[in-house]
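I have a structure here, written as structure tokens, and I will follow up with some questions on it.
Which chain is which? They are A, B, C, D and E, in the order written, and residues in each are numbered from 1.
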Amino acid sequence: MMLVLLGLIVWAAGWVLNVWISRLPRTRATALAVPAVFGVTLILMWECLVRGLGVPSVILPPPSAILVRLGSSVPVLWLDFVQTVLKGALSGYIIGCGAAFVTAIIVDRYDFLRRGLLPVGNFMAALPVIGIAPILVMWFGFDWQSKAAVVVVMVFFPMLVNAVQGLQDTTVMQRDLMRTYAAGYWTTLIKLRLPAAMPFLFNGLKIASTLALIGAIVAEFFGSPTRGMGFRISTSVGQLALDLVWAEIVVAALAGSAFYGGIALLERAVTFWHPSQRK
Amino acid sequence: MMRSVFPVLAVVAVLIAIWYAAAVWLNTPWALDKAKRAEVTLSTSDLIADTWAQDKPKLPAPHQVAIEIWNTTVEKKITSKRSLIYHSWITMSATVLGFALGTALGFALAVGIVYNRVMDMSVMPWVIASQTIPILAIAPMIIVVLNAVGISGLLPKALISMYLSFFPVVVGMVKGLRSPDAMQLDQMRTWNASGGQEFIKLRLPASMPYLFTSMKIAMAASLVGAIVGELPTGAVAGLGARLLAGSYYGQTVQIWSALLMAAALAAVLVGVIGAIQRVTLKRMGLA
Amino acid sequence: MSEPTVPQSQPPVIKASNLDLTFQTNDGPVHALKGVNLDIGKGEFVSFIGPSGCGKTTFLRCIAALEQPTGGTLTVNGMTPDDARKARAYGYVFQAAGLYPWRTIGGNIRLPLEIMGFSKEEQAKRVKKTLELVDLAGFEKKFPWQLSGGMQQRASIARALAFDAEILLMDEPFGALDEIVRDHLNEQLLALWSRTGKTIGFVTHSIPEAVFLSTKIVVMSPRPGRITDVIDSRLPRDRTLDIRDTQDFMDIAHRVREGLRAGHAYD
Amino acid sequence: ADDMTLQLKWVTQAQFAGYYVALDKGFYGEEDLNVTIKPGGPDIAPTQVLAGGGADVTVEWMPAALSAREKGLPMVNIAQPFKSSGMMLTCRKDAGIASTDDFKGKTLGVWFFGNEFPFLSWMSQLGIPTEGGADGVTVLKQGFNVDPLLQGQAACVSTMTYNEYWQVIDAGLSPDDLVVFKYEDQGVATLEDGLYVLEDKLSDPAEVDKLTRFVRASMKGWKYAEENPDEAAEIVLDNDASGAQTEMHQKRMMGEIAKLTAGSNGSLDPADFQRTVDSLLAGGSDPVITKQPEGAWTHAITDAALN
Amino acid sequence: MSEPTVPQSQPPVIKASNLDLTFQTNDGPVHALKGVNLDIGKGEFVSFIGPSGCGKTTFLRCIAALEQPTGGTLTVNGMTPDDARKARAYGYVFQAAGLYPWRTIGGNIRLPLEIMGFSKEEQAKRVKKTLELVDLAGFEKKFPWQLSGGMQQRASIARALAFDAEILLMDEPFGALDEIVRDHLNEQLLALWSRTGKTIGFVTHSIPEAVFLSTKIVVMSPRPGRITDVIDSRLPRDRTLDIRDTQDFMDIAHRVREGLRAGHAYD
């Protein structure tokens, strides 16, 4: 009971600390400190509540146990990371986004395709992964190729829709300007439409980055070699090794956030000119 | 109307043609394998006919799926456990409940982020991180934990739907509630409007286009959540259960019909939001 | 023409003494207003003119308590601008029409009335009246995008008039209009002003417009924004467009132009 | 009536016919019990559900239960309706498999999620490493079905005598095309489908009484199902909410299940228990359990129920 | 002042006969141009003035082959506008600056040069030269959003000048600028024009601007857009701002104002 109380106190303290920090002038440090304090508060509260309420560790382990496991299982976690993130998610992400981008350029060129393909595309995007994953595992085998295929399917449509929208995000005036220079299709594409599409492309890339990781992990539930984050998670649940399960989830969340953050940084560098990136 | 329908039909026709061709391609090895073991040789037309009529094909032909869907929708009483409509209904109820909860949560968080500086600075990175956690991995744990505190039935599934659907709503609504420009906010100040008035009369209506767009995404996500949630609840009933059972018994035709049904359900639900969007925005003069 | 003084009998409605405003930005402070002194009497029509970025908008915003001065004092009706704002002393017309696209023209004009808690009948009455005032009767049910730019601008003026604020602040309200429409609206604004006796602060880039409308023209110089000249107009209060061909008009216009040119550095 | 929840290990099928029969025929009702049966599935760990309090009793395989017990979850076997194991490894002859000596260098499909223990201890007894390579076997996490065998992605897959094996046959392979290795025949059989509860329940006389009545009714159900397999299969079909099971398959499954439950009156044979434990302890470098479990089973319930 | 005729000796650069343009919109056709006849000679500076929506932009766009007339003929240098466009005969300045935000000022000016395949050195030379021409030397490396509106507008003019097109089409290029900056740019534009002898088409809302700049002023009336008056200016080609105080100037301005007022419906 004491621990439960302590958890609530930690929560309140974290909040008060954050209120104080947020009143300080906005700098890089405060912008990072506030979410960090928030996260630490959440974790401390989790620790206190799990211990205080006596939740069995086969249901929900305390963060400290997860941390210990994280430290002791580095080789396994690394093996899984390579299998799932580097081989499955990343290759699928690159292929899927690349294919979507090329498709977008073709679709954008032919209005007929745009009107025909996009509604159908929206329909296909609604096909649930859990249904597609077993099929793709059946088609592409057990190893990372099928995971990459699932990722390709998952990221393709969000990326396509964003890319098509982005390629059209030029004003009449910008296009007319190109016409007065008698610029051809490719010149217009390279000098005007691609740069103008960047904010949308990055939007698509960001959405796709979280989808890619989830897709690769989920696909492993439907057949895999004896490594990979999805494999480890499902196997460990069966073995009640919940600390390992959570260690994998932490790795997934870290990898996903890093992936997302990396793309956000790249976005900042490439679309520095966009109003949303200026301050 | 024709302008938009014809391209869609053309694309669908091409897709179906590709589908048939792919069915031949993918199902040929098994047909040949079978023929070899039966020690017969197949003519090309026999081979093609076989690839479009296998019991458990790698890829069922479109008409096989169509017939299965017909048999499990029109031909069955909708209360029957073998009716896809019955299963769609079960999935839909979890989807809609989860969607409602997710929209409410996303909305509340967005309001918090827009009006509270601490939340603005702290919540968003964690919301993004939450979405990088593979839901299928924690869904069973969520179900068990909720079970342990005595919650079962529709709600656990709906909570998983909520987990997936609140994200697009937060992102969209934060954008939407912040979409009034400085001038519009200043106007409110010159009229000495209260915080509540500013919200009701300015921020909320200004966010409507964003709200509907994110609700459409949220609805699709919610459906995925409901299907995921059906697996660790014993896959008792619903489209997820059909997918799983199909998978378990290698019934590809059943998998594909459940898949298409799920996509159709998503299309209908998203369409409903689209209709509400059109009516609302029209009445607001925004369409 | 000597520096004007407000008659002793009537205390100024707006009084700025030694007003300073510095914005803190990430590439250093921007000194937007420096040592601004100005008295505006009741019922005056004051135009602000000056090169882009000299602080005209900033000064208007200070009056309306949308900006907090960093030095000096500013009183409105003897109180702080913020108290005046809470007492709903201002009608503010922004540079762009800024109508809410989801409300009809009538709904837009009704908006401040709703916020200020007028009764339903009173709201309807006022909406009708102000719509007539700006020649928009019959357009109540239309949405903003169904109207031309000029009509939208008039609707936004109607919105600022509807609740009968004592002080009307207008930031380049006619900037986007063509000359003919602009002339027409200028005449209407003058008519309204002489009928209601409101105090008006008016920002413009157009010298003829400033001269045509004002009883007092404030010329400002760029950063740090200072007042370089205050011209009291001898033109009669009742004016028609023809007045622009008089020598008096041209003299004032010339003085304004000279004042402007002096302070001008090409951007 | 007393409420009770039973968590199954897998989806509704004839494997659990006894419980559905007991429910449907009112055997539980006669014992003044109100039983809810929760089907399982690929994502459900019955051990975890038990730990979370989502069920009073669960159907589980003994290796998983003993492993959980070592992890600190005190599961106790209170009854063992299944006498023998239905696990086997089904291989294609054309993949070049004739005996266990041919496994080396091949790819084998295995179920995980707590079902991998029997396989792992078998391999370690054969001395075959499971990390791939020319001397070992490559292990696939097998999905829900027998596709890897049909598609030629694996030389062998795990099957149950009553279920997956028939899916292979239904897909068009004939028994002549196949070689099967039953775990029973290999001497590595472990006990399947026992009834497990948490230890603390057994110290409460009221709970013990409830469990006694439950086991009595369940065993009645099992015996009824053995004697009336077709009717039992029908009952299972009636209880399958997914509507995906077929009558032909369930009837055949019931026939096979009856072979496995025959010879058990519900009470655990300590010799079977010891054989399972030995097999698990023998797991080479990475045994499933590391020490002889204590108090992992009790006859208290079956003794009371069956006399 | 009689209808002007271009001297026979020199064929007109731009010749419109009986030009018609109807837009098909979903609430029926919009008749934007109707029976427009106009000849523009080489080296002329032609201003277009008229109420909002009368078709000024549309006419300019027809010349630049950005719009396809639905009737009549239009030739530029004896060819179709589209051929002239492909021969890169036009520099077009749009109403808004429309600089590409991802390119620096220098990069924006370089854009047409890149497209037209100028050599790297030539590009650098021309960028430098045109930047000086519009008083923006030193801002080459800045991005558009780091400049004020007036500076952006000047950059966009520089961009249209960089490749030395024979015909310059400008659609309200100074609409967003304040009077002083505007005067300054007007003077610079005149200087450029007399130095280069370019043919210029110029749309404006400002009567003084039109009169000050042009050799020919085209007054248009609202829909269907027609030319109601073409005024050939007697003012000398070399002008300073003082010319605005002359009687000639006022007379022309008056004639323009009357022409405008005639066609105007207040919207």
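Note that in this section a contact is a pair of C-beta atoms (placed from the backbone, for glycine too) under 8 Å apart; a residue touches a chain by one contact, two chains touch by 3 or more.
Each chain and its UniProt protein: A, B = Riboflavin transport system permease protein RibX; C, E = Taurine import ATP-binding protein TauB.
What you are looking at is a predicted structure, and each value in this text was computed from that prediction instead of being measured.
The set of chains in contact with chain A as well as chain D comprises B. Superposing the C-alpha atoms of chain C onto those of chain E requires a rotation of 180 degrees, given to the nearest 5.
By C-beta pair count, the most extensively touching chains are A-B. Between the Cα centres of chain B and chain E there is a gap of 54 Å.
Put simply, the C-alpha centre of chain B and that of chain D have 35 angstrom between them.
As a whole-number value, the distance joining the C-alpha centres of chain A and chain B reads 18 Å. Put simply, the C-alpha centre of chain C and that of chain E have 33 angstrom between them. Each of residues 58, 136, 140-141, 144-145, 148, 231, 247 in chain B touches at least two other chains. Under the contact definition stated at the top, the residues of chain D that touch 2 or more other chains are 42-43, 45, 48, 51-52, 143-144, 147, 151. Contact between chains, using the touch rule, shows up for A-B, A-D, A-E, B-C, B-D, C-E. Listed in rising order, the residues of chain E touching chain C in the complex are 51-53, 135, 148-151, 177-181, 184, 205-207, 260-261, 264, 266-267. Residue ranges on chain B touching chain A, taken from their complex, read 3-4, 6-12, 15, 26, 58-59, 117-118, 121-126, 128-138, 140-141, 144-145, 148, 220, 223-224, 227-228, 231, 240, 243, 247, 252, 255-256, 258-260, 262-263, 266-267, 270. Interface residues of chain D, counted against chain B in their complex, comprise 8, 11-12, 38-45, 48-49, 51-54, 143-147, 150-151, 167, 170-174, 177, 240-245, 249.
By the touch rule above, chain A contacts chain E in their complex via residues 171, 173-174, 176-183, 187, 191-192, 195-196, 198, 271, 273-275, 278. Within the complex formed with chain B, the chain C residues making contact are 61, 64-66, 85-86, 88, 90-92, 94-96, 98, 100-104, 111-112, 114-116, 143-145, 163.
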